[in-house]
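Lettered A, B, C and D in written order, each chain numbered from 1.
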Amino acid sequence: MSNLKQTLTPPFDIVRVSHVELGVTDMAYSREYYADIIGYHIEDETADTLYLRGMEERNHHSLILTKVDEPIVKRIGFKVRSEEDLDKAQAFFASKGSPTLWVEKVAQGRTLHTTDPFGVPLEFYYQMDFVADILQEFPLHHGSRIQRIDHVNLFHNDVNAATAFYAGELGFQVTEATVEDIETDDSDIWAAWMHRKGGVHDIAFTNGTGPRLHHIGIWNPSVTDILNFCDLLATSGHIDAFERGPGRHGISNAFFLYIRDRDGHRTELFAADYLTVDPDLPPRLWDLQDPKRQTLWGQAAPRSWFEKGSLFAGVSLSDSKLKRQPIIAPE
Amino acid sequence: MSNLKQTLTPPFDIVRVSHVELGVTDMAYSREYYADIIGYHIEDETADTLYLRGMEERNHHSLILTKVDEPIVKRIGFKVRSEEDLDKAQAFFASKGSPTLWVEKVAQGRTLHTTDPFGVPLEFYYQMDFVADILQEFPLHHGSRIQRIDHVNLFHNDVNAATAFYAGELGFQVTEATVEDIETDDSDIWAAWMHRKGGVHDIAFTNGTGPRLHHIGIWNPSVTDILNFCDLLATSGHIDAFERGPGRHGISNAFFLYIRDRDGHRTELFAADYLTVDPDLPPRLWDLQDPKRQTLWGQAAPRSWFEKGSLFAGVSLSDSKLKRQPIIAPE
Amino acid sequence: MSNLKQTLTPPFDIVRVSHVELGVTDMAYSREYYADIIGYHIEDETADTLYLRGMEERNHHSLILTKVDEPIVKRIGFKVRSEEDLDKAQAFFASKGSPTLWVEKVAQGRTLHTTDPFGVPLEFYYQMDFVADILQEFPLHHGSRIQRIDHVNLFHNDVNAATAFYAGELGFQVTEATVEDIETDDSDIWAAWMHRKGGVHDIAFTNGTGPRLHHIGIWNPSVTDILNFCDLLATSGHIDAFERGPGRHGISNAFFLYIRDRDGHRTELFAADYLTVDPDLPPRLWDLQDPKRQTLWGQAAPRSWFEKGSLFAGVSLSDSKLKRQPIIAPE
Amino acid sequence: MSNLKQTLTPPFDIVRVSHVELGVTDMAYSREYYADIIGYHIEDETADTLYLRGMEERNHHSLILTKVDEPIVKRIGFKVRSEEDLDKAQAFFASKGSPTLWVEKVAQGRTLHTTDPFGVPLEFYYQMDFVADILQEFPLHHGSRIQRIDHVNLFHNDVNAATAFYAGELGFQVTEATVEDIETDDSDIWAAWMHRKGGVHDIAFTNGTGPRLHHIGIWNPSVTDILNFCDLLATSGHIDAFERGPGRHGISNAFFLYIRDRDGHRTELFAADYLTVDPDLPPRLWDLQDPKRQTLWGQAAPRSWFEKGSLFAGVSLSDSKLKRQPIIAPE
């Protein structure tokens, strides 16, 4: 399908999604939720900011929590291949009319702040500080024993346009997509999963009021860690965090659990994946009417999963126009 | 709570629940569902009957499928400690006014047919034929790799009465119970789990239109086998069988999956359990209002799970009077 | 085989193996090893004693650690069915010429101290104090997330005699046995596994210099917990504790890991088991020459596993005469 | 360490290791071993050749078995990014004095046959035929449920030279390395793990008589699949195939099992891995004396693992000179 094509000559080279910065309203709660329960490692902290990472991550952070008054997603961060790619990125976004700003950011040095054409706040950097390798410091592994950030997933009003930008201009490769009519060439895209790093995705877009962040996906090596985490979450005063799962997606073959913190920020614990580095790998296409794409085992997702998301800083939804109604759980 | 007390001097000695005989309407379908997909081992078969067992079972059968015109549960079977116990059982049920009949049954010899006071068809025997040990014949393990029958669970209109009979007269020990008001001594019993064999249960009763069979519980050694089974079930033409789970019960701490065959017979794949052989072990009591008892992780059960069950042969529900409305899934 | 027969009329009724009391030389180390790393819950402690239990155990202790100058096994504890059984036990052991002494023991009340005919120090009690139910207090589960004591395993110079006493006199049922020649009826018994509680064993004996304690077996619900525990043990300063496994035994079908503390006390983490409550269940017999009985997957056990054990208090090995040389790992 | 540096301007662009062609002497045995037991999917076959793939692989083959008289490794295959890269590869190898030959190969079209400077037979292609997606055709998953080829591992007499070629000239990135003295800069390299695709490795070299193939690594999503496979292998007439494990490597954090077929070809079933796409990711360095690098849990590897390997077609070992003695299992 030509509307899923990636450019092979992107203006700069993105390595992978690297981190997300969330604004949270109660730092004591968020510290417990993300560090003690989910199991992120606290690498660093200041009075109003926590820098967190997974067990295999040797970079300084993959999640930044900042104290704010209203819940917000401050920014999504990507790593590029070189300092030169940073400069190319600045030129590209400026040419698109996006604001660009150079900042010095803790542990990641020269950092480009900009937005995508839909207003989503992004940042790009080349090198983050390396910190101690704790992959095999098992006494530090706890909670869900998460390993690394895997992807971000966004609601978008126009997934055709989002795909055209991220795949067609930035060079992400589409690995899976839900289309309105699988029999029609270049049918409207309902949802698209796109990668740079060789897994199913670094970023995905789903039809819905947006742009908003649907979830941060974090990778777990084992389904049993996710099941153990369910037990822990349920009996540590966080049963309100459960939203959907555990279960298996058709799309991506992921074993999933979706949870939401009290600011509404959603996390997917995600096990299983497959290798996507082949440049000629055809996307797996799903028809919008195929129930297996969402849940292989048939359980309906709750309505909140189709409706609730986190706002991005600086993005107004006033002009947001939903392409069509989301599919919701059967009554 | 005195209404949960077991007698220590039962009239005869039941070792454990042993098997169930289900009437099924399409033997080809049932053979595929139970043997190929769930993974029961076919020990023996005749034109209209299949004798099935789990991987650790050295007895000839723990599930009998018989071709019938309308789906039915023909009988629940229990093993007793000796031939003498069989005679005592006959005397006991006769004294209660239950019909008693001696039959010779395939692979289990002299067998007592009777009913409990609520009309549920039961059978008792002492020794079943031993067959080949396949516990470590791993090439024969497939499907969900089930190990053994664990328990039966019945809807009952009057769980107080069912408990009084099975615990108070037959000597089953109550391990867990849901009561209407946990603060009140001898509060009405909503549901009770009772064992003879040293696990959480051989038989359980839940408030609902009955007596009907809610499910047969089969024991799996591993949650991952159950997850793999979900994948298999969903992609082998049996997605209609999913009903509830996988998830964790508060009660019994079981990791569960509930599935229903096309005759409506429900099976629970069940992992985890705990040891209950101590004669003084106090029951774990749950308040009817405690949401964790049903699903530790918070997911609601579907309405069918509270309403659908299998009829027992010879039991009319016309006089059935529900004690109170079942708790159903929130809208 | 008649030399494996249990008496059906034992002089008193043993419910199950209940606890072991180990003498340890460095309480700070043992506390870290058993509580922080293996994951026992510390129920109670005094200046020189720790009372430990597993996650499903509602009794006060299943392992007692006492500070001593030289490593020793102080006593193996069994639960009996009633106070009357305690008195019968005293009469029985006295009639055998064993010393008997009534003591009051922390959390278990009236307790009988005695020895078996081979000098092994035993204790019997009826009721232990119940403590808080932590089966589903998952924030307290850590380390290997052990659930309960499963069995004790002893070296013995004369397994024929040990089996004759525990099965033939005390009523333990033999579930598996290794015999010198499986083709010969009543061949000498090399090793025997015997239960009261309905699993593969409460106590086992293996040919070797004895009586000495080979290991305490603790039951884990999941092989993945055992693998995670290996990672933790290896990277928490305890790599010296590994002795054998993880692997699968032919005997008992157990997934096993053997570790030894710095006093030489051995623990088996043990997953999988099967139900053995049927009174007529025939033992699984293994020929001494069958390599699968020890390790289904073929890995040899280290020499230490055949030679090292813990001394029992009051037992002299000076008269010990090994029936025959143990089978050791191939050079 | 500068002797581990990759070139950032390789002469052509290798995407990943793609497949291996093994010469086997008994096709009926190999078919059972690889397809029935390990669980490869048979995609295609001719009279003397089997084309096999893993569950997530949409390419036609990742393992080719060809009937031969003496066991041999015929060729290692790599995928390149474009047809143009194929031409560049031909020019590069020709400039190095390696033989180059264009062949048409089943399902992979225009294919370059050549050798590396040490004589190892390689092939390169751009596109392989896509076949049916069976990732979620779970009824087809069996045996160890393998997902994909992960890497090849070779014995080499001079790992310094092998690393200089694969990293310094072909652009593989070193992710982990064992060096003779970790305190010395550019110490001799004992072993090196190198990737193109974003995991720990596509190819690795270890000091030993070579070049010979040590093993093919195949990726499994779950440690429990590997444990279940051990049970299956042990009880299906293949216990002779076990060589080492299951266990955990320090290097790569892999959960591993090594097995050898009756031709001596070794396979590693491999679970866990970590993401390595960052161009600035520093290698994890291990000192040759650090026992954790080989087996985190301390078990020694058997001597065969250090000594046995598969010959490559056309490679003579007559000039092979071992750099130094391999480390072998303690006596």
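Structure notes:
Going forward, a contact is a pair of C-beta atoms (placed from the backbone, for glycine too) under 8 Å apart; a residue touches a chain by one contact, two chains touch by 3 or more.
Worth saying up front: this structure is predicted, and the values here are computed from it rather than measured.
Chain centres here are C-alpha means, and the one lying farthest from chain B is D.
Judged by contacting C-beta pairs, the busier of the interfaces A-B and B-C is B-C. Distance from the chain A centre to the chain C centre is 50 Å, each centre being the mean of its Cα atoms. With centres defined as mean CA coordinates, chain C is found 32 Å away from chain B.
Centroids of chain A and chain B (each the mean of its C-alpha atoms) stand 44 Å apart.
Each of residues 136, 222-224, 231, 234-235, 292, 296 in chain B touches at least two other chains.
Residues of chain D touching chain A in their complex: 15-16, 56, 58-59, 79, 81-82, 127, 130, 133, 135-136, 147-148, 197-199, 221-224, 250, 253, 271-272, 274-275, 277-282, 284, 292, 296. The touching residues of chain A, counted against chain B in their complex, run 223-224, 227, 230-231, 233-235, 239, 242, 246, 248, 255, 292, 296-299, 331.
Here chain B touches chain D in the complex through residues 136-139, 141, 222, 224, 228, 231-232, 234-236, going by the rule given at the top.
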